[in-house]
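One chain, subunit A, appears in both complexes that follow, with subunit B as partner in the first and subunit C in the second.
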Partner chain A sequence: MNSDMQTPRNGVPEMLGRLAWTIVWGFARIFSIVALLAAWEILARTGTFTPFQLPALSAVLERIWSDAVSGDLAINAGLTLYRALTGFAICAVLGIAIGMAMSRNVVANWFFDPIVSVGFPMPKIAFLPVVILWLGVYDTAKITMIVVDAIFPVIAATVIAIQGVERELIWSARNMGASKRELLHQVILPAASPQIMTGLQVALPLSLIVAVVAEMLMGGYGLGGAMITAAQFANSTSVFAGIVEIAVIGYVLIKIMVLIRRRLLIWHPEANAPATA
Partner chain B sequence: MTKTLIRYLPLLLLALVWEMAARFEWVSTTALPPLSDVVRAWIELMLDGELLRNSASSLYRIAGGLGLAIVVGTILGIGMAWWKPVNVLLAPIVEVFYPVPKSALIPVTVIWLGFGDGSKILLIFLGCMVPVTIGAFNGARASEQVMVWSARSMGASKLRVLWDVVMPGAMPELLNGIRTALALSFILLVSSELIVAQKGFGYLIGSLGAGGSYDAMYAVVLTVAFLGFAADRAYLEIVRRTLAWRSVA
Partner chain C sequence: MQKPAHIFIDHVSHMYRPPRGREVLALDAVSLEVRQSEFIALLGPSGCGKSTLLYLIGGFLPVEKGEIRVDGKPVAGPGPDRGIVFQHFALFPWKTVRGNVLYGLERQGMAKAERETRAMEYIELVGLHGFEDSYPSQLSGGMKQRAAIARTLAFDPKILLMDEPFGALDAQTRGLMQMELLRIWQRAPKTVIFVTHDVQEAVLLSDRVAVMTARPGRIKTIVDTKFDKNDPDIFKNKTFVEKVDEVWNLVKDEAIKAQGKRSA
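Moving on, here comes the complex of A and B:
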């Protein structure tokens, strides 16, 4: 009904024109991807590259399918996701808590500020062997590494977000008799949430990157571990299958975060603006 | 001076706790050698040249990969903002490639280019190109249309406008993208060297750890961490000077 009312009066030709435009545009949007995938398949099939250098796309998809049927895919992807998401959840809770403490408490700020400003730009992944030395090669070590890496953007975003809350909002709330707790929960946190969310959106892909590296180095189950084992056996079809699987997971996770952001911040003016993924 | 001291006191305290924890054996000294031993190991590594040799090859990889990524990424990003067909062709690829955890590419770059410099440079190049491209694209797209029109109406050629108006306008976002890329380049370098390499920081960390000389391993880990930090600070300083002309804004 709604769409009927919005269609201009001059009717069918206009609609057809617009439909054609949508189709052309949609095709243009996926054209380069299709071309890339086709080039992959053709280059592999014609023998420009050896199957070791570049297994055919069809072979890679077949491998993913057989992994999915045998259940390996579910185990590996599940473990990688479990580690990345557990690490991410810890980062979210701990990072926001530390960020809040830093902006409310002088001592916490004094203690954490230099640690964050020095720690944030460091390549913390270099501490991976140290983490292995302390915690072994199992889930605890992997998740710890994820937390160490991905917590900094969350802390930094929380601190900046809370600093950026408009003074007038806080003054008004205080004037109207809000207690400290109410002020925090009903004014400061909601007002700071868009930027905190941005910090989380940086931390999530980072968690996945670190999860994959940690698995590659420590071995065992998980997509990263499976890829490194495949590489050691020169099984490049499985290596490429791993990349495709990880890429899909990364893509889906990022899209889910964008959806969650829209949902959570639906009251915020930014919900009307186009989201930057 | 005292202000800086108070500001960084927490780090000194952590260092002190580290030294004491190891000296008084609150924790195993294998897991945490005393900081003073780590410093001694660092000096030894420096003196016999091993640390310098491996730093040189690591920094070469970063310079190569990041340099390529900056050049190609800037061209792609500005091209996407400036010419519609380029955007139609490349935007979907960037969008698909953007969320791929770049560490997943480590085994493939090894399959393609082997264990040496080539695979690391390719990995850093591929990983760092994405933030640079996106930064250049967003920056160039946001360049003020009025400025472009004025320059055009005053008779500037399209290329002139690109160079004199769009490029400077895109600078802040582009430089921000490059900062992300710089951090990413260290992450990718160290991860790939830890997993497969015959020289470089990651290799040195791995081989020292495997050989049980943990104090030396800590020394290299801290060196890499410090270099990443220092690179970021140096970059910020350069950016501050480059963008000095914008300070009115």
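Moving on, here comes the complex of A and C:
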């Protein structure tokens, strides 16, 4: 109400003031990152480190640009993303299904519960040699590694989310005539969705991490593979370029996930709360 | 001959089994008959099993010992003939007020146009006009409870089970909601079983107050509290004050017993 009444009086100056504030605030929020990048550039340029130990940020950005122009970046990043997202999608579907089965079926719980208890904390990368022996070093093997690693947080989140659904919600639905079948998708899943979503938000960066690690260890195209190849040729600029590319991709993926969460959980009190950078 | 009871509760006992620890006798051979269109309050100290009795009537918990019959038929599971309102509302947070009210009507298979009209009718009845597209998280406690009441009234249950519905509200909102409930009930009398531990609330709203003992819950006495409640100065009304006093004296001993058990 107040600001509406002020707009005609202050008009343009106030809008400019707000814009300036947005820019300053936007910069202030990413200050630590900017400082780090500036320090990187300065340390490299002043010769504190050799270009082999630490190539300048500007040189790394140039390399990323030339990779982008030549199409190498699209191939490598595309392959890594394809593997990470395919693995993530399998984790989401399979993880939610197993979690639901465990919460609603005694036999499924009896079967899966010990596997999850042992499997969740275990470093799944230990399976890598076995996966290579069985499946080779191509997409199937890499995506399998991702699923083996990232499915556990989805299963665990789904089980906990469904256990945490208030019995009054279920009773209300039963009271209004919902059948037991209808309960699952009309009440239990929507009520559990915020926590399931949290599980997915843990699984997504894990998928990207495992995709890169698997590429590094199994070789071939992809960001991880390209970095290892570059390292073997002592091409330190390309190694750092890979690090920057992975950082940007990871950040963008997480941001997209936050947007999807807000969109899907528009009803949740957190949708009105401000998000972080 | 007297008309058979609408709700007939005969020697119902219930064991509460916590996931860990010993089982506790929550209800001990409770018998109660409720007449058509009667407003009855179940009053007792916390932990006396009054909510458990309500859940048994609602069919949410299985009747293991004794019998509960509604219109002559034994209770076997929940049904829309007995609408429940919970203390913490139990609204579906992912649905708007309208969506919540519509849910029950959809389950009854009501035609779309009819259920839309009906949902709005009940949203207006509880004074939530203008908030039909709000999500529960955007409403105050009192408004949430109004929405929950609208949702339950809309599918037109014969019996209304209310589990401390105003217990989570502040004193002023509670007072307003009590008046509102009386108004709604006088317009469309339903059989109401109202669980509370508030003596004034019980006397104000109900025709009879069933005072329950501390755990294990039994019905100690039933007090007739039917008198003209339309006095605008009801809280100073002589009959009201006397009834509150009478019921309070009955409940006091049980409350003290319940306290003693907890500190022991």
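Here is the rule we use: the second predicted complex is superposed on the first by the 244 of 277 C-alpha atoms of A that agree within 3 Å, B and C clash if a C-alpha of one lies under 4 Å from a C-alpha of the other, contacts with A are read in each partner's own complex, and residues count from 1 in each chain.
Throughout what follows, a contact is a pair of C-beta atoms (placed from the backbone, for glycine too) under 8 Å apart; a residue touches a chain by one contact, two chains touch by 3 or more.
The structure displayed is predicted, hence computed values, not measured ones.
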Inset, instruction - Report clash or fit for the pair subunit B and subunit C bound to subunit A in the combined superposed model. - result: fit
Inset, instruction - Please indicate which partner A:Leu169 is in contact with in the superposed arrangement: first for subunit B, second for subunit C, both, or neither. - result: second
Legend entry - First (subunit B), second (subunit C), both or neither touched by A:Arg45: neither
Inset, instruction - Spot which of subunit B and subunit C makes contact with more residues of subunit A, would you? - result: B
Inset, instruction - Could you look at A:Ile209 and tell me whether it touches subunit B, subunit C, both or neither (first, second, both, neither)? - result: first
Inset, instruction - Please indicate which partner A:Gln53 is in contact with in the superposed arrangement: first for subunit B, second for subunit C, both, or neither. - result: first
Inset, instruction - Based on the superposed arrangement, let me know which partner A:Ser32 touches: subunit B (first), subunit C (second), both, or neither? - result: first
Legend entry - First (subunit B), second (subunit C), both or neither touched by A:Pro129: first
Legend entry - subunit C versus subunit B - closest C-alpha approach in the superposed model, Å: 15
Legend entry - Touching residues on subunit B, where the partner in the complex is subunit A: 6-11, 14, 30-31, 88-93, 95-96, 98-108, 110-112, 183, 186-187, 189-191, 194-195, 201-202, 205-206, 209, 214, 217-218, 221, 224-226, 228-229, 231-233
Legend entry - Sites on subunit A touched by subunit C in the complex: 166, 168-169, 171-178, 182, 186-187, 190-191, 193, 265-269, 272
Legend entry - Complex interface listing, subunit C residues touching subunit A: 55, 58, 60, 77-80, 82-84, 86, 88, 90-96, 103-104, 107-108, 135-138, 151-152, 155
Legend entry - subunit A - residues contacting subunit B, complex: 28-33, 36, 52-53, 110-115, 118, 121-130, 132-134, 205, 208-210, 212-213, 216-217, 223-224, 227-228, 230-231, 236, 239-240, 242-243, 246-247, 250-251, 253-254, 277
